[in-house]
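Both complexes below contain chain A, partnered by chain B and then by chain C.
Presenting the complex of A and B:
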C-alpha cells in the first residue's frame, strides 16, 4: 500500500474522525485508524464499536491496500510536521508503516486491517436534510443535561423525534430536562423516534458543516453525513421516559428576569453554598428575587437581590446552583422566564423571546429546602 | 362417640408411650451436655471451680479419648453426696427456683456427672477436710461398680476413661486428635483467663502445656500470651450501678483474621454472645481492616438476675434482660479506651523476635497483613503513657478544652523550631510556641520541622521520633468527620426527582421502608409508599450521585438488614466516606507549609486521627530508638 498526500490534508481528515478513537479501550485495535486506499481515494475510519466515523480524501495513490495505524502516534507525528508532501508506504505482510518526508523517515507498527472491526453497513430508509447551524445550535443548547447514568441507558442519549413538520429533541438526567422543537424545516416523510448516544451527538456538533447535512435512520443505526465525512452510530434501543408527562402545564407563577443579572448573581452566591449540596435559595416577593446561600461547614453566607418582574404570591424555592447556572448559561436571550408552582414541583425556564422556528424549554427540579 | 370406643382409643395410644429407662434417658441427655471431650473437661473444671478449688490439674491422654483427669483441692464431698452426684438433676448448687434466678455458680443443672457417667468409665475420689477418709466411686455406663473408702488429700479427683465407649456413633463423630485437643486447650485457656486466682496445670500425653501460678488477670494474660504481646493490650475498665466491665482489648494492629482470641465472660463464665462481640467490633470502627478481628478478654459482671444462662445445656449462650444497655456500655467503654490510645502504627526494621507465648497456637498474628511492604515488629518501643508522645497529647480529644491549649502547644512536638532538640528545656519550647502564637504564626513555614516528600507524604518531627502522614487519607479523615457533623447539625437537603423512581420490593424490604420512612427522610430520601410492595422515590439526598437512587436505597436497607443494631448503621456515613474520598487532596498535590500545618492541626482534632474512614492508616511513626538502632547508636 502506497500513496502520496500533503500532511495538512491528512491532518484535517484525521482531526475530523479522531474524536471517536477511545483513549483507553479493552480492545487495543480500537486505538487505531483504518486506512483504506482504493485508487486515488483514501478512506479513514475510526470506531469505538458504538459510534463510527469515516472521512475520505483524495490522494495520489500508487498501490491499493488496507492497514490499521496507531491513532495517537500518527496524529502526533502529522501535527508536528510542517505542511509538506508525505509518502505513506505500508508493508502489509509485516504491518510496518513508513512515512517518508523530504528530510525524515518515520516507521510505525500497525495492525492487520482484518483485525479492525467492520463498520456497520447502513441501509438508509429515509433521509432528512438539516442545516449544520441548526444541528450545532440544537446540540450545544442541550447536551449538558444528558445523564451519565449507565443504569438508565435511555437517558444517556438524546431523544430525536422526527415528525412531518417538526423536529423535536429532548435530553434529561432526571433532575433537569431540555426540550427543543424546530418547525419550518420543510416537510419530512420520516416519522421516527430515536435515541442517539451523547458521544455521537457531540461529535455531530463538532463535525457538522455549513449548509446541508443529512441524517438517515435504519432500524438499529443513525447516520449523519457532512460532506465527505460520515458518522454512524448505534441508536439506544430503550424506551425513553415519558417526558411529556412531567412537564407541568399549570405552573402559573411567572417570573421574568434578566438572564445576565441572574446568572451573575447565582454564580457569586453559589460560592457560599454547601460544597456537598450546592443549594441556593430563591426568595420571591413582588418584583424582587433574592438569591441566598449559606455554608454550614465554614459558616459563610451570601445574598443578592435581583430586580425582576413577578407579581404572584411570595414563595421560596431551593435549587442546586450548578443546575441553575447550567440552564441559564445555555439560554441565549436577554430575559428568561420562570414558571413555578410550588417549592417541590418542577420549575420551567424558557427564553422570554424564542428564536424564529425554535421553541426551547428547560425544566429543573428544585431541592426541598430545610426550614 | 360411644365412650367405649373413646376409651379404647386412649388405651391404644397410651400404650405406645413409655417412660424411658434412666440409663437410656441419661444417654440421651448426655448427647446434649457431653458433646466431645472438651465438654467433659469444661463440666469437670466448672465443678472444681464451684467447689472453691485454688489449684486445678487437668491431665489428658489421647485428646481425651482414653483419659480425662481433673484433680482439685476444693471442698470435696461426703460419701452420700458423691453417690448422689451421679443422679440426674442432683446438684448442690441450687435448691429453690429462686436460686435459678440468681445463679452465681458455673454449674446448676445437675446433669453433668450423670451424663458423663452414662457414656464413660468414671472414677471419682473425693474427701472433705472434715472427713478422715475419702470415698472412691466407680461408675460405668450409669452403673455403680465400686464404692469404697480411700486415703487421700482433701479435694476431688475425677478420671474419665473410655469416653463414649457405649455410644459408637458419638465416638465415630469425634474429630481428629488435634482438633479435639485444641478444643480442650481452648476450654482450659478460657477458664485460666477467667480465673487467674486459681493455679492451673494442664498436661496432654505427659507434656505440660500450661503451668500457671495464681496471679492477677493482667499477669495471667501475660503468662498465657507472652509478655511482649501483652504490651499491645489496652485496659478496659468501666462500671455503673447495672454492670461492671473489666478486661483488656488488643490494639487494632494486633487484630487477626479469625475470632480465636476473643474471650467474653459474663460473671466469669465464658460465653459466646454475638451482640457483645459486635459491640466490641463496632468500637474499633474503621481501625480494623475488613475481615480482621480484635483481641479481647472482657469480663462483664452484673446481677445474675439480669442475665439468663440457662438457654442451652452447654451454657455458652446467654440472654440479657437489657441487651441494648449492655451493648452500649461495652461499645462506649472500648471506644473510649481505643480513642485514648496512640494507634499510630510504629515502624521498626529489626527482625521479629519470637514471642514468648507459652502455647504456640495462642500467638498473635503480629504483622499487619494488608501492608506487607512495611516489615515491623509489634512493639519495639513500649508505648508508655508517661512519655510525652502523641497518646498523651491527643489522647482525649473529646475532652479537648481551651485551657489545655497552652500546655498542649508546649508539648505538641510537631510545630517546634527545627533547631530545638531533646536537650532544650521545656519552658523554652513553651515560650517559643507562645511567641509564635502571639505573632500570629508569621514565622511559620521554614522555621518548623515539617516537610512534604514526593507531594504525597508529610514528615514531621515528634518527641518520640519521626511521624509520616499520608496527606490524602489525612484530609479524607478530616472531611469525613466534618461532613458527618454537618449531617448531624443540619437537616438534609433533598433533590426532587423529575421522574419518580418506582421500585418494586420484596415484602420484607417494603415493611422495612415503611418502618424507616422517617429515618430515611432524615437522611434525605423522599420515599412514598404505594402499596403492593411498591415504593416511589420522589427525592434523594442532594449529594447522592445522579442515577444511583434505587441502588443506594437498597444499600441502606441491606445494611439495616445485615445489622441487628440499628444505631450503628448510617447511610450518611457511607455518603460522608465517599464525599471525603472525592474531595480530599490527592497524592501528588503540592502543599505549602502552612497548609500542612493546618492539615495536621485539623487531623489531630478529629476523633480518630490514625485511620482513614476506609481503614487505611493515616500515619506511621518511626521511634527515635529505631533510628538510633539503624545507625548503630544503640
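Presenting the complex of A and C:
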C-alpha cells in the first residue's frame, strides 16, 4: 500500500474522525484508524463499535491496500509535521508502516486490516436533508441536559422525532428537559422516532458542514453524511419516557427578564450558594426579581435585584443554580420568559422571541428551599 | 420493624419519607424496595421520578440533591440508594444526611439499603431515630412453609401444606431459590388451582440436582444440616450411594495429603498437582483441611470403609447408612457405623 498526501489534508480528515476512537478500550484494535486505499481515494474509518465514522480524501495512490494504523501516534506525528507532502508506505505482510518526508522517516507498526471491526452496512429507509447550521444549533442548545445515568439508557441519548414537516428533538436528565421543534424544513417522507447516543450527536455537531447534510435511518442505525464524511451510530433501542406529560400546560405566572442580566446575577450570587446544593432563591414581586443565596457552612450570603416584567402574585422559588445557568447560557435571545405555577412545580423557560421556524422550550425543576 | 410489619404498612401505602432496609435476606430487601417503587411511582413516570444509585459510585451530595428535588411528573419521587454504608464514610456525608433527616422532603421517599449497618455510628444512629428501619433477616426453618403458602396465595393459587414442606426440603431456606422454583411449578401446573406434593417432586426433584462436589463442600464446612439435606436430594434423585462414597473417599484422601506439613510448605501449584485438584480450589481445600485433625481423618476413613461394607454386605437401608456416614464424617466419630460392622 502506497500513496502521497499532504500532511494538512491528512490531518484534516483524521481530526474529523478521531473523536470516535476510544482512548482506552478492551479491544485494542479500536485504538486504530483503518486506512483503505483504492486508486486515488483514501478512506479513513474509526469505530468504538457503537459509533463509526469514515472520511474520504483524494491522494496520489500508487498501490492499493488496507491497514489499521495506531490513531494516537499517527495523530501526534501528523500534528507535529509542517504542511508538507509525505509518502505513506505500508508493508502489509509485516504490518509495518513508513511515512517519509523530505527530511525524515517515521516507522510505526500497524495491525492487519481484517482485525478491524466491520463498519455496519447501512440500508437507509429514508433520507432527510438538514442544514449544518440547524444541526449544530439544535445539538448545542440541548446536549447539556442529556442524562449520564446508565440505568436509564433511553435518557442518555437525544430523542429525534421526524414528522412530515417537523423535526423535534428532546433531551432530559430527570431534572431538566429541553425540547426544540423545527418547522419549514421541507416536506419529508420519513416519519420516525429514534434515540441517538449523546456521543454521536456531539460528533455530528462537530462535523456538520455548511450547506446540506443528510440524515438516514434504518431499523437499528442512523447515518449522518457531511460532504465526504459519514457518521453511523447504533440507535438506543429503548422507549423514551413520555416527556410530553411532564411539560405543564397551565403555568400562568409569566416572568420576562433580560437573559444577560439574569445570567450574570445568578452567576455572581451562585458563588455564595451552598457547595452541596448550589441552591439559589428567586423572590418574585411586581416587576422585581430578587436572586439570593446563602452558604450556611461558611456563613456567606449574597443577593441581587433584577428588573423584570412580572405582574402575577408574589412567590418564592428555589433552583439549583448550575441548572439555571446551563439553561440561560443555552438560550440566545435578549429576553427570556419564565412560566411558573408554584414553588414545587416545573418552570418553563423559553426565549421571549423565538427564532423563525424554531420553537425552543426548556424545563427546570425547582428545589426545596432551605435545604 | 420486621418485614411482616412493613408488609402491613405497604398495604396502606403509608411509607415513611426515609426508610432503611437491612439484613441478610436480600430477596426480602429487593421485594420491599420494589414494593415502595411500584406503590409510589407510576410506570410511566419512572424515567423522571425514580433515581436508583449505588452508594459506592455516587457522592452523598448528589443523593441529597436527588432527594431534595420535587417530582417531575407524578406526586412523589423515589430515590433508592444501594450499598448505603459505602456512601457515608466521610464526615461531610454524615452531616449531609443528618441535615436531610432533620427535615426530609415530604414528596420524596428516600429508600436506603445497607447490608452492614452499624447502629452505633452516624448516620445509622440518626436513621434509628428518624427513619423507618426494616430488618430483613432470614426466616427460621419453621417459618418457611408458611411463607411459601403465603407466596403461592399472593401469586393467585393455593399450596398443599405437604407441598410447602417438600419444597423447603428440596430447595432449602433460600427465598430466592424457592421463588424461582415456584415460578417453574406455576408453569408446570397450568390452570390447576392448588400445588400438590407430586407437582413439587415432578418439577423441583427433576430440575434441582446436587453434585457430590456440593456435598463434599458442606461436609468440608462441617455443616450437618445442609449436608443431610443435599444427601437426601442426591439419593432421591437416584445417585448411587457407592459412587458418593468413592467420591467422598477421594475428598478425604486429599485432606489427608494436605495434613502433611512438608507438602503445605510447597508452592501452591505443586500442592494442587500433588493432591490432584485445580489450583483454583486449593484455597478452599486448605481451609477445609485445617478443620480436620489427623485423628478425625482416620475416623473418617474408618466410617467410609464401614459404610461401604454395610452397603455391600447387609440389607440395611442405604439411606440410613449414608445419613450415618455423613454424621460420622462431620463429627469425627466412626462408631455409629463401625458398631454395626465390627471394623
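Definition applied: the second predicted complex is superposed on the first by the 370 of 371 C-alpha atoms of A that agree within 3 Å, B and C clash if a C-alpha of one lies under 4 Å from a C-alpha of the other, contacts with A are read in each partner's own complex, and residues count from 1 in each chain.
Definition applied: a residue touches a chain if its C-beta (ideal position, glycine included) is under 8 Å from a C-beta of that chain, and two chains touch if they have at least 3 such contacts.
The structure presented is a predicted model; accordingly, all values stated were derived computationally and were not measured.
> Give one word, clash or fit, describing how chain B and chain C relate on chain A after superposing.
Chain B and chain C clash in the superposed model.
> Taking the superposition on A as described, I'd like to know which of chain B and chain C A:148 touches: first, second, both or neither.
A:148 sits against chain B, while chain C stays out of touch.
> One more residue to check, A:113. First (chain B), second (chain C), both or neither?
neither
> Taking the superposition on A as described, I'd like to know which of chain B and chain C A:54 touches: first, second, both or neither.
Neither partner.
> Once chain A of both complexes is superposed, is A:320 in touch with chain B (first), chain C (second), both, or neither?
A:320: touches chain B and chain C.
> Touch check for A:175: first (chain B), second (chain C), both, or neither?
A:175: touches chain B and chain C.
> I'd like to know which partner A:223 touches here: chain B for first, chain C for second, both or neither.
neither
> Looking only at contacts as defined up top, I'd like to know whether chain B or chain C touches more of chain A.
B
> Output check: A:367 vs chain B and chain C. Expected answer is one of first, second, both, neither. What do you get?
A:367 contacts both chain B and chain C.
> Out of 217-225, 397-405 or 559-567, where does chain B collide with chain C after the chain A superposition?
559-567
> Go through chain A and flag every residue that touches chain B in one model and chain C in the other.
Touching chain B and chain C on chain A: residues 149, 151-152, 172, 174-175, 177, 241, 246, 276-277, 320, 344-346, 365-368, 370.
> In their complex, what parts of chain A are in touch with chain C?
149, 151-152, 154-155, 172, 174-175, 177, 240-242, 245-246, 276-277, 320, 344-346, 365-368, 370-371
> Write out the stretch or stretches of chain C touching chain A in their complex.
On the chain C side, the touching residues are 44-49, 51-52, 61, 64-65, 68-70, 72-73, 96, 99-100, 103, 105, 107.
> Help me check something: in the complex, which residues belonging to chain A touch chain B?
147-152, 172-177, 241, 246, 274-279, 296-297, 318, 320, 344-346, 363, 365-370
> Could you pull out which chain B residues touch chain A in their complex?
Residues of chain B touching chain A: 482-483, 486, 489-499, 526, 539, 542-543, 546-548, 551, 579, 583.
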